[in-house]
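Below: the structure, in structure tokens.
Residue numbering begins at 1 within each chain, and the chains themselves are lettered A, B and C in the order written.
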Amino acid sequence: AGICAVREAKFVVAPLLDLITKEEVDIYEVALARIVDAYLAELERMDGLDLEMATEFLLIAATLVELKARRLLPIHGDVEIDEELLFEERDLLLARLLECKTFKDAAAAIERLRERARLSVPRTAGPEEPFASMAPDPLDRVTLEQFVAAAGRAFTPRPVPEVSLHHVTPIRVTVREAIDRVLDRLPERGSLTFRRLTAGARERIDVVVTFLAVLELYKRGIVEIDQPTVFGDLVVSRAEADGPLDLGGLDEWDEAVLDDEDEGADEDDAVLAGEFDDDPRNDAPDEFAAPVPASTEAGEG
Amino acid sequence: MSEGHDADRTVVRAIEAVLMASPEPVEASVLAQLLELPKKEVEAACEALVSEYADAGRGFVVVAVAGGYRFQTHPEMAPYVERYVLDGQQTRLSPAALETLAIVAYKQPVSRAQMAAIRGVNVDRTVTTLLERGYIEEVGRDPGPGNAVLYGTTREFLEHLGLDSVASLPPLHEFVPGAETVEVLEKALLGRSPSADAAEVADTAGPDEAGASGV
Amino acid sequence: MSEGHDADRTVVRAIEAVLMASPEPVEASVLAQLLELPKKEVEAACEALVSEYADAGRGFVVVAVAGGYRFQTHPEMAPYVERYVLDGQQTRLSPAALETLAIVAYKQPVSRAQMAAIRGVNVDRTVTTLLERGYIEEVGRDPGPGNAVLYGTTREFLEHLGLDSVASLPPLHEFVPGAETVEVLEKALLGRSPSADAAEVADTAGPDEAGASGV
């Protein structure tokens, strides 16, 4: 099981990371067959087919095929927008890889803490006599009501863990909410750096989505983006003619919503609710759960 | 010796005695109640004990763990203690379980679906393992539809890691991949940049993100 | 400092560490074996520790007891230790232990696998705790394959809760969705029972269910 576990961990985050970092693969140029070959080779090295690993295999393979296919599809309409979307798509995948890597490294840190803690053994002997027999029985502190309540908890049905279907579009931070937030923070006159806009972002994905929001607003002519110096801060300001805000097309843009009301979608509400509570626009009926565009065409709407 | 000094000594000795008699870490508030002293005062006395034993060159130390204080063996004595305590060798956690544990530790309260979203795979098996080990527990229900079970880390988790609280975990932003990794990944994923503008934007996105996630 | 002094310090520190880690008094011969030193030498070091702590004015002492050595609270600190122990804070039953105990109380006789199926996690550790406390005991063997040990509650358990018999436990139906739901749930859970003997659970679940609803 140990060997299996090591491989498994490598398999979860590393496949794409390794492929990219070790072989410097540009997934848009490498033959898809080569990627699949690499995975098949990995699968063959495993002693038996493990469901978790097989799932992971499918996930990564599907993501790669999706990206590759996108690249190969004929481009209709506005080329610029299409490329922007491609960029967004890649950025989301990048964000996901980085998040994986972050927790992989955090896990290593936790293991180091465990190793260090293992060097010490806590005192657990407890009180010696006569104190030991003075201790009241813990059950004496429990009332019959509390005991029956515990029984109630014990026999309450636990939800059977469902099979997760979120593999393909796992990131659920809504661009619309980010747009609202950007507009809230942006002064009527004057400008704000992107850095300031994302100050307080708790996670990388928040920054990515804020960036997408700024791009979307730019595309709609609502904001201007300027970068005074190379590699300098992006400066965001309101466009001169600030017309009525129309986010209609966004509904389509965010079409890749997982329509089941699952716990993943709830996450958004839970995580973001505090931030947007005072924002009436947050009550918009059409909440979307996934920012990943369903197709390249969707973004043009 | 002044009376004040004697009183101080008694406080220290009483704390030591209670820590010695307790099978688990003792909270400062419990000690404060026992000694009928302000919690702040007791905490200061405990912290003084922690530093006193850290430098005393004895076989044991006092540490702040899981919200309380306890005696434990000095890490330098590990070779001797290991030989004596046979069940000291804890079975290792699989890398998959460790990663899931890290997600729970940093993102609690968190649902299985949220963990799965980050790890990209089903986490049911690892969650079961972590529950069995007592590292995580149910901490509530998501108020939204589905009422997903939310998980958090346990007191035992803190004790196993020798941490006082979850807040003493190294901050997550320390693990956000460095610019180099981001660059390598970006390069590979972006391929040829969609347009010159976008490329420039991409260049600045990296540092911006790093700065923001440090907040 | 001479090398000899350092070696002496290490011996003292190692002894302290082992005494600190041990739940019971440690015999000098065991310490001697651990340290690979003559028993006489180790005994002398232990006796030195006994007198050192007797005069150190700390909250604890080292004593020779039951053929071994151990740390224990300083007699002068007895009032504090007594208050702490009487308070009983340190001997609280965990929610997990209480829930498992409730399962045994309402579904006895019941196997570990059945408890695990209901709680959704492995219960071995909790069962051990409950056995040690004398709240539950073995009451028989499952006649089916595997011959799993079946557990029931003890007289002591009833006394602590102030009950005459198990029959006086308040009926559960008021608090749970009903036996059928529980049965359906259990069946659903059996497939992913953390314990290996799921088959045994399947075999006994039926009759047990009937037994429980008769309570």
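The rule is short, and it goes like this: contacts are C-beta pairs under 8 Å (C-beta built on N, C-alpha and C of every residue); 3 or more make two chains touch, one makes a residue touch a chain.
Bear in mind the structure is a predicted one, so any value in this text is a computation, not a measurement.
J.: So with touch defined the way it is at the top, what topology do the chains form here? Options are line, ring, star, complete, other.
T.: Shape = complete; every chain linked to every other.
J.: Whose Cα centre is nearest the centre of all Cα atoms in view?
T.: Ranked by how close its C-alpha centre lies to the overall one, first comes B.
J.: Let me check something: if the centre of a chain is the mean of its CA atoms, which chain is farthest from subunit C?
T.: Centre of mass proxy via C-alpha means gives A as farthest from subunit C.
J.: Between subunit A and subunit C, what's the gap in Å when you average each chain's C-alpha atoms?
T.: 41
J.: Distance-wise, how many Å sit between the C-alpha centres of subunit A and subunit B, to the nearest whole number?
T.: 23
J.: Among all residues of subunit B, which ones touch two or more of the remaining chains?
T.: 19-24, 60, 71-74, 81, 85, 124
J.: Which positions in subunit A are in touch with at least two other chains?
T.: Where subunit A meets two or more other chains at a single residue, that happens at 121, 123-128, 131, 158.
J.: Which residues of subunit A touch subunit C in their complex?
T.: 121, 123-128, 131-132, 134-142, 144, 146-158, 160
J.: Where on subunit B is subunit C touching in the complex?
T.: Residues 9, 12-24, 26, 30, 34-35, 57-60, 71-74, 76-77, 80-81, 83-85, 124, 128, 131-132, 134.
J.: If you look only at subunit A, which of its residues touch subunit B in the complex?
T.: Residues 1-2, 5-6, 8-10, 12-13, 17, 20-21, 24-29, 51-52, 55-56, 59-60, 71, 80, 83-84, 86-87, 90-91, 93-94, 96-111, 113-114, 116-128, 131, 158-159, 161-164, 166-167, 170-172, 194-195, 198-201, 203-204, 206-208, 211, 225, 227, 230-234, 261-267, 269-270 of subunit A touch subunit B in their complex.
J.: Note which residues of subunit B are touching subunit A in the complex, please.
T.: Of all residues in subunit B, those touching subunit A are 19-25, 60-61, 63, 65, 70-75, 78, 81, 85, 88, 90, 92-96, 98-99, 101-103, 105-106, 111-114, 116-125, 127, 142-149, 159-163, 169-170, 172, 174-177, 181-182, 184-195, 198, 200-205, 207-209, 211-213, 215.
J.: Would you tell me which residues of subunit C are touching subunit A in their complex?
T.: 17, 20-24, 70-73, 81-82, 84-86, 88, 90-93, 95, 98-103, 105-106, 118-120, 133, 135, 157, 160-163, 169-170, 172, 175-177, 181-182, 185, 188-189
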